[in-house]
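Both complexes below contain chain A, partnered by chain B and then by chain C.
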Partner chain A sequence: MHVPDGFLDAPTSLATGTVAVVGVGLALRGARRELDERTAPLAGLVAAFVFATQMVNFPVGAGTSGHLLGGALAAALVGPWTGVLVMSVVLLVQALLFADGGLTALGTNITLMGLVGVGVGWAVIVLVRALLPRRTSSVVPAAALGAAISVPVAAAAFTALFAVGGVADVPLGAVLTAMIGWHTLIGLGEAVITALVISSVVATRPDLVYAARPLLADRSLEIRTPEAVA
Partner chain B sequence: MIRTRTFYVVLLVAALLVAGVLSYYASTSPDGLMHVADTTGIASSQKTHATDGSPLAGYGVSGLDHRLGKGIAGVVGVLVCLGLGLGLGRLVRRPAATDAPSSDS
Partner chain C sequence: MGAGHGHALHVHGHSPVHRAPAHLKILGLLGFMLLVVATPGHWHSAFGLWLALLLTVVVVARVPFRWLLPRLVVEVPFVVFAVLMPFIAHGPRVDVLGVAVSESGLLAAWTLLAKGTLGVIAGLTLAATTSPPELVRGLERLRLPSALVQIAAFMIRYLEVVADDLRRQNIALASRGFVARDPRHWPVLAKSIGALFIRSYERGERVHLAMLARGYEAVGERPTPSRATPDGFVGKAERRRRAGGPSRHDNAADEPVWGRAAGERPVDHSPGRMPS
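Coming up: the complex of A and B.
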């Protein structure tokens, strides 16, 4: 979903650039509460992993493909604020080194895939987690649903930006329908990949999944032997 | 439970394999946004990317064949993202309890 240069006009790009700067600034503060000495390297590893996975486009039919955006995945693994930082690193590297996503559209892309993707993904994760049984495996469906919903919402957000500052003269209804339609399909792929990754990590090191930590704390309260921590 | 360091190494190796090897088999069809842009006409206003001429533009290495070029581009991208993410992580993480007090802005 990398927006190239020229799709949105200069004022809109400037506005999304401002939103992105404020968002990343807030994330730099918020990430303090999410990362400690032990989990700090995960910010780098998740950025590397999201970059890698974004390279693998999967077909979604009719000459169209999609790839993982990774907002919900990053939020589940390292927390929403660190997730925004991770997505911003990936988008910056893609725009500067690989000419993927316009330079003037960097703010737009951070807003859509970073702030909206992570924000919506995390909101859904928290909501679904609250509804499911209190065990770490509940994070898997929560993250999958967060992934599935975050992609079409980001696509709708692009359409909203296009309505405000789109350069081409194109009927909005057609853009909205097509964007949401295709990205609902891509969201299913996003959900599958997110579920696979989160379930593997929950199975091996649930303590390293940010979204699973409140559930872990719960569990260790029930176990009364001191060896349980080992 | 596997050790934290082992887990981190496995995650990095997975990222390197996905970007360096699996990426070659990715679909080359336009993604959702570009497909919509092509079919609705949004794409008519697209401008050439400012760094289109850079050596890694389009996830390849200019002068190398597609397979090798994409693999190298993927590995470079993974390592650069890793480095920036590690740096940011170090910058923002909670200082350990034993750390000397640092000026907190």
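Coming up: the complex of A and C.
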């Protein structure tokens, strides 16, 4: 999923770079509200977590396996702004320390996986959460749908960039169909894994799931007296 | 794809490339790759020149080719895309080995492969010759917002710790006979990721508390850079001054602020300062 150098032409890469700089700048302002001054250590640890999570291979069968992209997962766990920051730092470190994704394509990668992946994921989560009953468990289907939709949307965004700044004269309709078809499948896998991870965290530490916090405030302490139990 | 790398790629060495300041290396890589990306695909000799230039740097840096070549696999998903290009692209056809392929698609495939490969070799050379702390200092010299630099510094510092957490969970699963074979095993893997998140998040909270215990303060927009230590740790005298002085309250903005304001001295990234 990491776009390498030379996949898009220089003007498009510079344009996505500008979009990424503006997006990350906004995220820096927004993240202060989500995490206060603990941002640096916490976001750093969450970035290390996202990076480690991408190393877990999920077997698909027939000897193939895939790994999580983590955009919607990060949005659900730490909120959209911190999520964008975390994904951007992960991509930056991957580009500079692991040569994974080109440096000139960093803006493209941050735009697609950071801004679009986290942003669309979060928008869907908020929408679904509003439609479902106000229970912490509602976050699980919300995050799943967020993951399922954000992955093909990011793929469609990539196709749009390829239409503008791609280096080949390929039939765009076919590329769009192939990209969206393939990434809908990937998105389904991402949705299942995201749902499983979120449900395991919600079961033990619902207070750590950012998307569940507004629902958590609704819960009140229930005191059961012996008469009420009997 | 991001799979399969557990630790940074730094190769220890003492070459001039290793000694060069990290921020110049990052700028050099960026400038070089912009040139490469902007080179039209049919300028074959230009690509020869770029490759020669790059290989000179690799030789001067004494990065072994045996180390470099296997790591080119990060490119593979896009090589597949490039190889498909001649078959799906529009335009006049040419015969290659008896198969009619698109001429423009062929050029595009060559361009993708050439630029992508140059990018990966150049990126690997930077990663091999620059240690992670140097890289963080380089990003700081390049005026990356200090919040981002700090997040990256914490990420790099705790990457091995979190990866080790994951490794221990995998060993615990394996010692109970768990082998992930197909999607039916996903719930187990997902629970381990959930546990990893809780551990990482709680570690982040503990790290922050331990930093506070050592005198770290979220330095305000009007910090006293001469008295606060470079990375936001405040000395004893300064704490006493702030506790007693009137400057404390007029400085207390409601909005939380970053641990270090712009324009101060660079963060000291030497290990051993942070608790784990």
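Note that the second predicted complex is superposed on the first by the 201 of 230 C-alpha atoms of A that agree within 3 Å, B and C clash if a C-alpha of one lies under 4 Å from a C-alpha of the other, contacts with A are read in each partner's own complex, and residues count from 1 in each chain.
Please note the rule applied: contacts are C-beta pairs under 8 Å (C-beta built on N, C-alpha and C of every residue); 3 or more make two chains touch, one makes a residue touch a chain.
Predicted model only: the values in this text are computed from it and were never measured.
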Q: Tell me which partner A:Val24 touches in the superposition: chain B (first), chain C (second), both or neither.
A: second
(Q) One more residue to check, A:Trp182. First (chain B), second (chain C), both or neither? (A) first
Q.
Applying the document's definition of touch, where does A:Ile193 land relative to chain B and chain C: first, second, both, or neither?
A. second
Q.
With both complexes overlaid on chain A, does A:Val56 touch chain B (first), chain C (second), both or neither?
A. both
Q: Using the touch definition from the top, say if A:Phe158 reaches chain B (first), chain C (second), both or neither.
A: first
Q: Could you say whether A:Leu96 touches chain B, chain C, both of them, or neither, answering first, second, both or neither?
A: both
(Q) Output check: A:Ala10 vs chain B and chain C. Expected answer is one of first, second, both, neither. What do you get? (A) second
Q) Do any residues of chain A touch both chain B and chain C, and if so, which are they? A) 1-7, 28, 31-32, 36-49, 51-53, 55-60, 67, 85-86, 89-90, 92-100, 102-103, 167-171, 174-175, 204-205, 208
Q: Quick one: which bits of chain A touch chain C in the complex? Just the residue numbers, please.
A: 1-7, 9-10, 13, 24-25, 28, 31-32, 36-49, 51-61, 67-68, 77, 85-86, 88-90, 92-100, 102-105, 167-171, 174-175, 192-193, 196-201, 204-205, 208
Q | Touching residues (chain side chain B, partner chain A) in the complex | A | 1-2, 4, 7-8, 11-12, 14-16, 18-19, 22-23, 25-33, 35-37, 39-52, 54, 56-59, 70, 73-74, 76-94, 96
**Q.** chain A contact footprint on chain C (complex, rising order)
**A.** 1-6, 8-10, 26, 29-30, 33-34, 36-38, 41, 71, 74-75, 77-78, 85, 88-91, 102, 104-105, 108-109, 111-112, 114-116, 118-120, 123-124, 126-127, 130, 132, 135, 139, 145, 147-148, 150-159, 161-163, 165-166, 180-183, 185-187, 189-198, 200-201, 203-205, 207-208, 211, 218, 255-259
Q: Would you tell me which residues of chain A are touching chain B in their complex?
A: 1-7, 28, 31-33, 35-53, 55-60, 62-67, 82, 85-86, 89-90, 92-100, 102-103, 155, 158, 162, 166-171, 174-175, 178-179, 182-183, 185-186, 204-205, 208
